[in-house]
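Across the two complexes that follow, chain A remains constant while its partner is chain B and subsequently chain C.
Let's look at the complex of A and B:
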């Protein structure tokens, strides 16, 4: 594996996704949501800090999710459509190296967006006379782990389908299921019918409720790692 | 495996089909069928054929973008397969319609492609390459402002920046104005004089007859004829081409 080539491609992709029109749209969306957070916090009176924190977390979560899955799926599918992938793969770059570089590029640009949103939130907190606590920062870290996980899944879907729309649609579905896996498992375990056996099917989905523990986060990182290996396998088979 | 040093590209009974996914059944389309040919180092070879003849498939096979179903493809003494990418440091490729990130500057794009060949950025070499393709004064311009001819020149710059031995150009003059075509042609001839091997695919007879030493006529995935320059100097290349593609098997 050529680390330097992967780094160069990843940085190029990160530069492109952060400089894209879509990233500006997402940023505008963030500003609007933060503005609404401020308005809603006025009504909270004594619970202003809590309401602000909750809205800031939700804004960060949602905007990062939209940005990451869109950047991943559109990036790869447009490389295939414009044949730019030919110019990259005609260089001494293996297909899986290209895929890893794409993933790192999206992780990195998502991290930059996370830092930018957090900076805006910190400014609002400071103006309001509040301080950011450890729990808030920890939650941001957990959101980032989820983003790594879901974008790895998007990478897998785009490697199988090569369609941006399909991979975004499946990723959104996975995102919803992943947030409710533990509840679904619990509900199925209470069932007496054949449905109870289908709970094993849920093990193929990532379980986002596990992010509350260290081992849970480790599981999500390992899960993402295996998904990238699987994506590389399908990408090698793809007729580009 | 050691092969003939004078051979840049060799196809041995190569076939390639594409699968088209259907609702119930996949359809298979044979793009090239049992093709064998050699390209010697230092020559300019043209792949001439109608649309869908299999020219781009041959080029993709050489660049390791796709892989053959049967037969062997060897490029610069290496057999092409999924694992082998080392030989790609010695080839330069341009697709039919090159695409670059529109908000990058020409010099940044060239730096990016230069870095992909494991080379440390050499600003001086990058600038000299841009000058050699006539983009010396456009190095800080954004690609979104480039014309089609300028894009093609930038693509040529990307293909030669790492000093490759073999250049593979897919329809390099397609859709360009006569002046740009002439400029691109002059660049290719200059590359040949520097000792590079060049493979050009085209469906423009006038283009290949002006610059190529040899022409391989492809029709429906098969080689119909290989013609040396001396042959078309005596006989009209257009007539040879039309005769070659007119008859059916």
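Let's look at the complex of A and C:
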């Protein structure tokens, strides 16, 4: 594996996705949502800081999720459609290196977006006379781990289907399931019928409720790593 | 590749052994669902549990801030029936039991303003399941129980629970004082003496120490007369 070439391609992809029109649209919506948060926080009376920070976290959460899955799926499928991928793969770069570079590029651009949104939030916090606490920063870190996980899953789906629309749709569904899977596990663990056995099927899905523990975060990172390996396998098999 | 897939399956299977459930309560553990189950499920599925609970809290404040009116019905500000208050508050606490202000204010309103003690206690106990070391919740719980004792209503189970909390280490003296007072009022003299002795040994406040000494003497006297 050529780390240097992966790094160069990843940086190129990161530049491409952060400079795209889509990232500007996402950022524009973030600004609108942040403005909206100012109005909502006033209604919470004593809990203004909590509502503000929860709103900022929700905004970061959603915008990063949308940005990451769109950048990943549209990036790879447009590379295939515009035949740009031949140009990249004609160089001494293997398919899995291309895929890893794509993933790192999206992680990096998502991180940049995260930093940018956080900076805006800090400015609003300071204007309102509040300060960011450790819990807020920790939550941002946990959100980033979730984003890494869902982006890796999008990579897998786009490697299997090669269609941007399908991979986005499946990723959104996976996001729903990953956020809700702990509820389903609980419900099935209380069931006496044969349905209780289907809970083992749920272990295939990532469980985002695990981010509250250190081991849970480590688990999600390793899970993402495996998903990238699987995606590389399918991408190698894909007919481009 | 087969090895990788096998390892991946084992890794996933391992999850079931290592991890417990979420830090939040499950929707399904309370038997019945919420007022707006679809909204709650969507909020959790999008990963927006906290902001949705904030939004519900704002709606709860608006509900309680709207004066109740009707034919032949007129309430002053703060009083009224607010029949949906408990369900709305419970929905918030199930979504986010770590939302301290929502728990404290809704339990306080239910117990002191709307005279629905047991619903207030239920909200607090639900939150205490997830934050068993939150002394603010315990203080409010003991305040509600004290409020009940003024009306000669004694809940043995609750008093025992408060006693169990008070004999732990590093419990605020005020909480022990309140529990001791409730125990004395309810006629659990041994428990009251034990709690006042804890105050005697641990407090540095002269008022608490003198009061504890006085109360122990008084309770012993009452016990001997009986």
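The working rule: the second predicted complex is superposed on the first by the 240 of 240 C-alpha atoms of A that agree within 3 Å, B and C clash if a C-alpha of one lies under 4 Å from a C-alpha of the other, contacts with A are read in each partner's own complex, and residues count from 1 in each chain.
The definition used in the following text is that a contact is a pair of C-beta atoms (placed from the backbone, for glycine too) under 8 Å apart; a residue touches a chain by one contact, two chains touch by 3 or more.
Note that this is a predicted model, so its numbers are computed, not measured.
A.B. asks: Looking at chain A, does chain B or chain C touch a larger number of its residues?
C.D. replies: The larger set of chain A residues in touch belongs to C.
A.B. asks: Would you sort A:12 into first (chain B), second (chain C), both or neither based on which partner it touches?
C.D. replies: After superposing on A, A:12 lies in contact with chain B but is clear of chain C.
A.B. asks: Where does A:93 make contact in the superposed view: on chain B (first), on chain C (second), on both, or on neither?
C.D. replies: first
A.B. asks: Is A:233 contacted by the first partner chain B, the second partner chain C, both or neither?
C.D. replies: In the superposed model, A:233 contacts chain C only, not chain B.
A.B. asks: Name the contact category of A:2: first (chain B only), second (chain C only), both, or neither.
C.D. replies: first
A.B. asks: Who does A:198 touch here: chain B (first), chain C (second), both, or neither?
C.D. replies: So A:198 meets neither chain B nor chain C here.
A.B. asks: Where on chain A do chain B and chain C both make contact?
C.D. replies: Of chain A, no residue contacts chain B in one complex and chain C in the other.
A.B. asks: In the complex formed with chain C, which residues of chain A make contact?
C.D. replies: On the chain A side, the touching residues are 40, 43-47, 50-51, 54-55, 57-58, 61-62, 65, 146, 175-177, 179-180, 182-183, 185-187, 190, 200, 203-204, 207-210, 212-213, 215-216, 219, 222-223, 226, 229-230, 233.
A.B. asks: Chain A touches which residues of chain C in the complex?
C.D. replies: Touch residues, chain C against chain A: 1, 4-5, 7-8, 11-13, 15-16, 18-19, 21-24, 26-29, 41, 44-48, 50-51, 54-55, 57-58, 61-62, 99, 101-102.
A.B. asks: Mind listing the chain A positions that touch chain B in their complex?
C.D. replies: Against chain B, chain A makes touches at 2, 4-5, 8-9, 12, 16, 19, 82-84, 86-95, 236, 239-240.
A.B. asks: Taking the complex as given, what residues does chain B use to touch chain A?
C.D. replies: Interface residues on chain B, with respect to chain A: 18-19, 60, 63-66, 82-83, 85-86, 88-89, 91, 93-101, 103, 112-113, 115-118, 155, 158, 168.
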